[in-house]
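Before anything else, here's the structure in question.
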């Protein structure tokens, strides 16, 4: 069994163990975390030996899952009864994401994608209130539509090439069926990445999910989709890449304008900004030979940033910026700095890497769009900062010690990536 | 001493951490921990400047995905001079802020932001390659945003901060592009002009243009000036430190540092000079119409930066740098003196309310007078004359039209500074007891003016020594004009005429606030609405954003329709690319 | 028009009809049925591929796709029931609180 | 025009007709019945294409389980199978979408020259071959369906109990005292 498959087995076994212990665990979030965390860590350790891009994917995904598990205790009040299921779904979703990211053939990718998508839908639906349920239903229906398109593309590829492997450029040139199939499959993965024409459901889902789970939902799907799209583009050659460049640029424009319009709603702004980052990943994917490696690097860095922001936001119902504790305010500030791409945070390095690749392979216009999108992100990301830092000295908030490990892990990840981005780049590059 | 200088950007970080963690816990001692940073920076910079030499730090392979991914820091006489200015003004502003912010509850946060700014500015000056420059460049922009919108509850401060952020974003974008398009292996600033590095697409012109856009955004030149007057929403020490002496000078520093690259791109240099002159004249005229005391001085800063840009544009980088050096001291003097009057008047900044209150603050009055004389450029006595004459001489030698325009500008300078001085310090006061003296907090503010006064007077004489130390760095430098020369006297005469005209006009017409009739006299709360074209652009952007977010109507069928149409179009599109 | 081309055309037609159904229906379960038709269309195509290429792995894939459709149906119906249980007449347009 | 063309054509016609039935049905119950017919016609098509095991799967798994599940849920919803009439705008949108999708798919497929199916020996598509495929090249995908179904099951339970209107542990209903039979007033 290859290391990625071993990681998947560990994750699934972990989920099964947590489900079997549901009697002991439900109602006590801390027990769920303690029980499920080792499985995430072991999966990461097992998965790191796999060949280069897969190693980065598994470590990134398991890292995101572990921080998600650490945030379980602060899942909003009335969910503790289902915290065992939430932990199991996190582990199963990660298993699906690892399967998707490290798939050697398209069928395995489809099943992995489906596992990830379904667990993401349920994690969105698990939080309180009507809005998450509505968002989950919409995210599910649109996901089902894109799955149908994906499977249709799979059929076309099989008709064209006779196998489920990633079709090569020669096979695409030989039969138009295969090209149509590759485009449909690409768009199916693009839904998971939340690129422009397919971002509708994801936007509402990212807005309505509980903060402690939204981080996982956003970053796991992006990292896994970036990896599999990268391999699809590398195999399929330039045409699909050029298509992705324009879709990515369009996504950046749409996400930036959408985020600027969200003056009041922080969660909606973060959802739109996730679409913008997906646009950056799409643009990187289409930019030449080392594009997919840059996209994988960007997605891994985005995962750490998103987890940091949502770790800081977790535990507070409506995130009233003025009433956050000092640690969480600083963590949120660092997260927003990184998301908006302020050096020396990792977000900036990732953006710069995409620009370098886009300039060499994607041509001037997409690069200028990327620069504008990246630079004007400062306007909507840093808008809450004066409020946030002004509040740090203000009201005294009941400290939530249980949050500290989750937030600290995310802070260390972001600071570490900020100072030594080369470590992740080395993992991503020789794909 | 240079190796120590190369790491001098960490000097204020311990102060930042201590103040952030609230080490001097008592309320009135807040911020004392960070007082040590800037003086240390000043001493190390002066020592390094005196014994010369240069030292480069390089950690290769720090960012493997960039054309030049190393961490490079370069400490040489040029950066030592900038750090000396930064240390000198920052030390005085820190000391001044103890008095100015004495009653402000959030003084601790104020000093944390100041430390962040000084660290970022030092890193910017010490940057060896574009990647590290970007860290300092954006860090300075962020701390300026945080400080401008420091009094978050006052109306308009957040929008003023966002305007500054937007303008900085344009500059960062240009630098971001430059850092990613240079050919592999040559991001270092000192090697930008080598043929290998200008071989990229667009060659030297495009690279120089990008650096110019970044510098113009940071130094509020040309169309990108709109944010600086509104940056006066921040406390006055900030206006003195950031928006007069150091941050806005970062643009000029960048152009001086890459003067060899500008030499390769004559059209861009000409554009720099033309925009410099245009900004100088436009800002001088605009200052005449300001009803807010600090905004009047802010436009003066924009004008003087125009002079520096003109100096660098015509190919006299040392003249621009020398004016930057002297301008830092006398402009900070003007702002801090104004701060004393504003502080005394309970935070009111409108000229009609401050009329005549300056009389009750002798230190501020003397300081403002010396600053004004230096701004006009009275020979021998003030530093302004040495550096302004250097720029005008170099400009007339190389681009006569620009040179004479700069000379004519001096009369406008005399007019606007004379107007500000006479309204606040000479005109009969509106109501005598409007100003209240709080001796305890005023003492640090008054005494921090003295070194600046000495600087405004004496720094001119350092010109020749500076020229000697910086000669190897800035290539061939034409000799500085002698202290007394006909053109210098002519410039001073114009300035003096302007000053006298304003003096006569405003001391006799008690109620007049602006030269032009029909100017609204009373202005309640200072508004920070962006200038014309910027607010039009911003509103258009927001309109597009709102209409776009309305498309996201929440209805599932509309989303499904969008997905199908998108899917079909992309499928049809693939036919085109096959 | 060979029989394989006929089946290919049928699967494309079914896919389009499923898409139309997804947009027409206001009842959530009817909408899910339309999506099931689209999944069936994809399954038909995979089976056609098995027949044309003579590959048993496509047959296995068709079985796996059946399982996928089952999982989809389960979660879809659970969500539809939970969301529209309280509403007198289930209407997909009503579920539009999240906007902007 | 292979020997089986006629039954194939009939099967395809029934499939498309029943799919249209699902789309135009006014009440969800009719739509569910059309879906059943559609599913069975597909099973017939699979049989004709000599892919026996998938045909059986379609009948047992799909028609038997999933379509019946749809029928249950339709009747469970309070409206008892009534559906709001679709506005003309929606019908127009649906037609436009269907048209665009058809054109897009046809653009790719029309030009394709389908390779003539080599005479598939019965063994190639037989159950044994499928077994070898499922446990050979498709092993990983086949195994991954297990966590997928686990997610589906856990998800369905969680969604239902999470959004249940009255928690099952609500207070027991108060037993009212026995009503005395009143013969006369």
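Structural remarks
In this document, chain identifiers A, B, C and D correspond to the written order of the chains, with residue numbering beginning at 1 in each.
Criterion: contacts are C-beta pairs under 8 Å (C-beta built on N, C-alpha and C of every residue); 3 or more make two chains touch, one makes a residue touch a chain.
A quick note: this is a predicted structure, and the numbers were derived from the prediction, not measured.
The chain pair with the larger count of C-beta pairs in contact, out of A-C and A-B, is A-B.
With centres set at the average Cα position, the gap from subunit A to subunit C is 26 Å. Taking the mean of the C-alpha atoms as each chain's centre, subunit A and subunit B sit 40 Å apart.
Once the centre of each chain is set as its mean CA position, subunit B and subunit C turn out to be 62 Å apart.
Averaged C-alpha coordinates give centres for subunit C and subunit D that are 7 Å from one another. Residues of subunit B in contact with at least two other chains: 549, 552, 554, 556-557, 560-561, 564-565, 567, 569, 571, 574. Counting partner chains per residue, subunit A shows two or more touched chains at residues 107, 110-111, 114, 118, 121-122, 125, 133, 136-138, 141, 145, 149, 152, 156, 159, 176, 179-180, 204, 261-262. Annotation for subunit D: residues touching 2 or more other chains are 90, 93, 97, 101, 105, 107-109, 112, 114, 137-138, 141, 145, 148, 151-152, 155, 159, 162-163. Taken as a graph of touching chains, this assembly is complete, with every chain in contact with every other. Touching subunit D in their complex are the following residues of subunit C: 2-10, 12-21, 23-27, 29-30, 32-34, 36-37, 40, 43-44, 47-48, 50-57, 59-64, 66-71, 73-75, 77-91. Residues 61-67, 69, 105-106, 108-109, 131, 134-135, 138-139, 142, 145-146, 149-150, 152, 157-158, 161-162, 165-166, 168-170, 172-173, 176-177, 179-181, 541-542, 544-546, 548-549, 552, 554, 556, 558-560, 562-567, 569-571, 573-574, 577-578 of subunit B touch subunit A in their complex. By the touch criterion given at the top, residues 557, 560-561, 564-565, 567-569, 571-572, 574-575 of subunit B touch subunit D in their complex. Within the complex formed with subunit C, the residues of subunit A that make contact are 107, 110-111, 114, 118, 121-122, 125, 130-131, 133-138, 140-141, 144-145, 147-149, 151-152, 154-156, 158-159, 162-164, 204, 207-208, 261-262, 265, 268.
Residues 105, 107-109, 111-112, 114, 137-138, 140-141, 144-148, 150-152, 154-155, 157-159, 161-163 of subunit D touch subunit A in their complex.
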